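What follows is a single structure, and I will ask about it in a moment.
Note that the chains take the letters A, B, C, D, E, F, G and H in the order they are written out, and that residue 1 is the start of every chain.
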Amino acid sequence: MEKRNKGALVSVVMGSDSDLEIVEDALEILKDFKIPYEVRIISAHRSPDEAIEFAKRAKERGVKVIIAAAGGAAHLPGVIAANTELPVIGIPVETEALKGMDSLLSIVQMPAGVPVGTMALGKAGAKNSALYALRILALEDKELNSQVIKYKEKMRKMVKDKDREVSRKYSFYSHE
Amino acid sequence: MEKRNKGALVSVVMGSDSDLEIVEDALEILKDFKIPYEVRIISAHRSPDEAIEFAKRAKERGVKVIIAAAGGAAHLPGVIAANTELPVIGIPVETEALKGMDSLLSIVQMPAGVPVGTMALGKAGAKNSALYALRILALEDKELNSQVIKYKEKMRKMVKDKDREVSRKYSFYSHE
Amino acid sequence: MEKRNKGALVSVVMGSDSDLEIVEDALEILKDFKIPYEVRIISAHRSPDEAIEFAKRAKERGVKVIIAAAGGAAHLPGVIAANTELPVIGIPVETEALKGMDSLLSIVQMPAGVPVGTMALGKAGAKNSALYALRILALEDKELNSQVIKYKEKMRKMVKDKDREVSRKYSFYSHE
Amino acid sequence: MEKRNKGALVSVVMGSDSDLEIVEDALEILKDFKIPYEVRIISAHRSPDEAIEFAKRAKERGVKVIIAAAGGAAHLPGVIAANTELPVIGIPVETEALKGMDSLLSIVQMPAGVPVGTMALGKAGAKNSALYALRILALEDKELNSQVIKYKEKMRKMVKDKDREVSRKYSFYSHE
Amino acid sequence: MEKRNKGALVSVVMGSDSDLEIVEDALEILKDFKIPYEVRIISAHRSPDEAIEFAKRAKERGVKVIIAAAGGAAHLPGVIAANTELPVIGIPVETEALKGMDSLLSIVQMPAGVPVGTMALGKAGAKNSALYALRILALEDKELNSQVIKYKEKMRKMVKDKDREVSRKYSFYSHE
Amino acid sequence: MEKRNKGALVSVVMGSDSDLEIVEDALEILKDFKIPYEVRIISAHRSPDEAIEFAKRAKERGVKVIIAAAGGAAHLPGVIAANTELPVIGIPVETEALKGMDSLLSIVQMPAGVPVGTMALGKAGAKNSALYALRILALEDKELNSQVIKYKEKMRKMVKDKDREVSRKYSFYSHE
Amino acid sequence: MEKRNKGALVSVVMGSDSDLEIVEDALEILKDFKIPYEVRIISAHRSPDEAIEFAKRAKERGVKVIIAAAGGAAHLPGVIAANTELPVIGIPVETEALKGMDSLLSIVQMPAGVPVGTMALGKAGAKNSALYALRILALEDKELNSQVIKYKEKMRKMVKDKDREVSRKYSFYSHE
Amino acid sequence: MEKRNKGALVSVVMGSDSDLEIVEDALEILKDFKIPYEVRIISAHRSPDEAIEFAKRAKERGVKVIIAAAGGAAHLPGVIAANTELPVIGIPVETEALKGMDSLLSIVQMPAGVPVGTMALGKAGAKNSALYALRILALEDKELNSQVIKYKEKMRKMVKDKDREVSRKYSFYSHE
């Protein structure tokens, strides 16, 4: 099984397809930047052998960065990081009761020895996981680096345009 | 009263019938595994005599594992554990204001001497309480043990099937 | 390696020998009750293959209950529970910064499908993990069950003795 | 046993004599106000029968207010309140790992039907439990009411004296 | 103004009429028990002079217990307690962002010297505030005491009836 | 760009126009008090150069107080405060997962050297940011000071009117 | 009493002289900038009349900014802000059990209508309270404004000097 | 200034030299792996121009990964990430009052657009920041990749050795 998906540079893994909605912005960004990626459903608890097999084979299949989303006692990013030497990016998924504080702490508080680069909770974190993967990949890819710079410039321009519009519309100067 | 319900191996107790919705997955699992169970409404605060009577008589009635769900200052699992020598499994129920952090700490932080095996908050915890009861009962029941193994295998297969489907549908390889 | 330690009914596992101090009361209780146990250092992150191998072989080696202590992003109890059908008892170990809230949530918030019976943080939880294992083992061991009842009775007597002593010494009645 | 201690108007209960240090200021205040009190060691978990017996008999023994201190999954105040119609005052005791957040929530978050008047964590709460008992007892005791007013006046004077001293010593006026 | 409302034994105070919905169960219980009460809108921050005037005059107007509901940086119960020697019961009101953790801590963590008997967050706490007031008033009112005992007995009966109904309907015994 | 908006005494800044809804009460208050203000969209992360430029030029453009609203890892108020010597008022915006606890701590916990006057979370904080700006501006503006006093008096009157209405409607005196 | 201390521009208030240690850096900064200040011990709970009298008279005595430090259910800054139209700066003092989370929320979560500019917990917050007062006072004091700019420049230089020293001492370049 | 330190692949930045103790394990690991690094003291708040200048020039100076440690309202990693396209790794430093929960949330909860790969709190996070940087650098450096694999193997061996020693010493088998 782990022989397929040749060509993916980024692997986006999650424990359940209910998390697809969370990561969709990450997938969109990767696609916009033309980074080939695979999307995988793997559970550290319900399919543990597959999780380990996946992590151990990822590098030899050409994957460079692994993004893993998980909620609750979120062990997936850590279990993957323990079985690969690739950089792993963790996305804590919001949970119903504890609002994702459980997910966040289960991912970010990794013990010394096995790091996971943790992003913000939920959709903002998912989006940033793709942008972080791009920053890593761009280190050895000048073309990609230019695109990242353009993307930042575009964000900046959007804020500036909005500033002009809002400033004009909402400011108030009639002082007496 | 405590003479009835002969035959139940698992007793599922909660303080109010409003918690029935939380534990229904637990009941379904126990039924699927053909484990006889009783469902009881007992309150550590509003019917304290009944709670203690229930706990003291459970073992002699043939009960082997007690599952207790409670929310807020959730004393039910602890009060039961104090009055029986059976293993007690606690399910913290989510609360409106504090989202169940109160329920969780009131159950899990039992002082040395009286243990409660605490599950996750809400429905995931309820489901797991049944699976944990099965793991305990399976220790001396080979047939049940095989069923537990099959259940785990089924979960694993479901994840793998989902993986294949999602991987095919969402991965993206057109790199240039 | 996993062939050794024949005879242990309880396996007490932790990620680092710095946790030995936390679990020592658990070991003492098990020894007092003459329950053979093994103590193991296994890390879900630093020795993941050993963790899975251990979990998969535990039942065939005769182990009935696994106690796992872990801190921070505490994945050990969950990773073990994912790879065995034995009941797993988790002890969250206090951490320096977050005081064990990270450990607690990483252990107790297991997703539906793979339960861990979670104890209180730190030494109280460690002691209770042994008492919980005893409650499970006593289900099919009348002699052990009598011992558990005696233990509870002893605790009760200690409280009553202390009550008498303190009440005599600290109460104050000179009202006018 | 519950026949003794005739004459106590306030009963100060705790689960372990290690909490004596926390409540000692409460005892001192009660003694200063000449309120007869008893001090009891009773555990909701380790001596549950005694806890219930105590709660059920307290009123007939002449007790008017019960102060209960407890830590962790702190069930003592709630269990007592469930078994008496007297007002119960709860003192959450600080815990090592969670700093008493567990104690506080286990006491204050009582479900509708069984109230516990909860004080601050630790020594401030203990001191206030005595002052709160005095406020209740003073409702029908004019002499005691005058003493409570004097106590408040004394506190006020102490603050004012300190204000004068500190203001003189630390203020700084040399402006240019 | 503070001369009116003669006859109220309990004063139920809140900072805004938006909290009326929270306390309505408390009012209903007091009415059921025929306890005369007044309802007041007073703010520690927006009408501070009225808050202090109210607190200082409450006792001479015949009030015996003050119930104060407040949310956020909830100073009302504490400010009232500082200006009266009557027992004050605090109800922390749930807030939108922090879910009432701010309200709870602002009320319960009173410094040594000025106690507030704090109830659970929201409606459960409101209901319990009335029941707690009843427990205090019943200390010198045998008739009221009997009513409180009957109320507890009624709650107990409701749980027992529900137990019978649920047990019959949801238990499962077909074991093979 | 930073030359425009001459005349604004208060600058209300936020990272995204989605926060406009949060600050609208602040704008309304400023307008009611006839304080000229500008509204700006500036992001510490997406338009960092603009943020710094804005902060450095604000004073010379005549701005006296800067109000900055931000959510999540909310760096905007701190970054602005680091680049101006004007007083900066921070409004933590509620977030979906962590309910604004992240926003609050990111703004209020500024290290020694660079202060931000932090308001409550969300709309209450926004409203108060305007009132706080007025208190600062009123220090040297007697007319404005009178208006602030009137505003406080109006709030007080509203509470008193509500008190009269609610007290009449909800109090209950038929004691027997 | 409130007639004394003529000349103070900043009033530094706290509930107990045990907080003097927390605010001493604030006093030192004010003294360094030659801002006349008074130091006062006033308690919202133990000397409530004094607190209100103080707040109501502060402006007419020439005070321009009030700094108030408080811990636990920290009502002092809010109670003062309710009784003055001056800007109030709050310093949440760390508490033993809850580490100041109670103090922080009791101060920052003020309801709409009465703002308190809240600083960080403890000594950093205290230091910043003085710097924030300076920023406010500097709005109409060019000389003071220059001093604030110089202070910021000095901080910056200290960081730069430290950077040079540390960079030289700890960097490592021997790459092959 | 930003011309110096040619040759550093990793830049380790912190706001104050008091954090040097936290990051020293990171420096040791980088040195062991012969990765040239620079150590910098830069503050987002006290030396903001330097922070931005540093971030903007880092890539052209040859830096590939930036590690930034910060505590409290920890803006440094985010401010740097906003001004570079290099991957930034954040280390939340434990704080006295809030134990680093403030630091963690201020770093990890970055809004969509500007990612920071966040590590665990304190020394474990610092150590992991170096290991994460190595994983990134090893993507294009086979020799380094082998070293990372060896490091993981060494950790594993240490756990296994400890397991053997502890298992022998602490297990207990005398069952009858």
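One rule holds for everything that comes next: a contact is a pair of C-beta atoms (placed from the backbone, for glycine too) under 8 Å apart; a residue touches a chain by one contact, two chains touch by 3 or more.
Being a predicted model, the structure only gives us computed values, none of them experimental.
Undergrad: Along the shortest chain of touching chains, how many steps lie between chain C and chain F?
TA: 2
Undergrad: Which chains make contact with chain F and with chain G at once?
TA: Under the touch definition, chain F and chain G have E, H as mutual neighbours.
Undergrad: State the superposition rotation angle between the two copies chain G and chain H, fitting on C-alpha atoms only and giving a multiple of 5 degrees from 0 to 180.
TA: Rounded to 5 degrees, the superposing rotation is 90 degrees.
Undergrad: Take the average of all CA coordinates in chain B, do the same for chain F, and state the distance between these two points in whole angstrom.
TA: It comes to 48 Å between the two C-alpha centres.
Undergrad: Which integer distance in Å separates the CA centroid of chain B from that of chain H?
TA: The separation of the two C-alpha centroids amounts to 41 Å.
Undergrad: Quick check: how many Å separate the C-alpha centres of chain B and chain D?
TA: Here chain B and chain D have centroids separated by 36 Å.
Undergrad: If you look at chain B, which of its residues touch at least two other chains?
TA: Counting only residues that touch two or more other chains, chain B contributes 15, 43, 46, 49, 72-73, 98-99, 101, 108-111, 113-114, 120-121, 124, 152, 155.
Undergrad: Spell out all pairs of chains that touch, sorted by label.
TA: Applying the touch rule to all chain pairs gives A-B, A-C, A-F, A-H, B-C, B-D, B-E, C-D, C-H, D-E, D-G, E-F, E-G, F-G, F-H, G-H.
Undergrad: Under the stated contact criterion, what part of chain C meets chain B in this complex?
TA: Counting only chain C, the residues touching chain B are 25, 64, 85-87, 89, 104, 108-115, 117-121, 123-124, 127-129, 131-132, 135-136, 138-140, 145, 148-149, 152, 155.
Undergrad: Using the touch rule from the top, collect the residues of chain H that touch chain F in their complex.
TA: 15, 43-46, 48-49, 52, 71-75, 78-79, 81-83, 95, 98, 101-102, 105-111, 113-114
Undergrad: Within the complex, which stretch of chain E touches chain F?
TA: Going through chain E, the ones touching chain F are 4-5, 7-9, 15-17, 20, 27, 30-31, 34-43, 46-47, 49-50, 72-73, 96-99.
Undergrad: For the complex, which residues does chain H have touching chain C?
TA: Contact set of chain H toward chain C: 94, 99-101, 120-122, 124, 152, 155-156, 158-160, 162-163, 165-167, 169-176.
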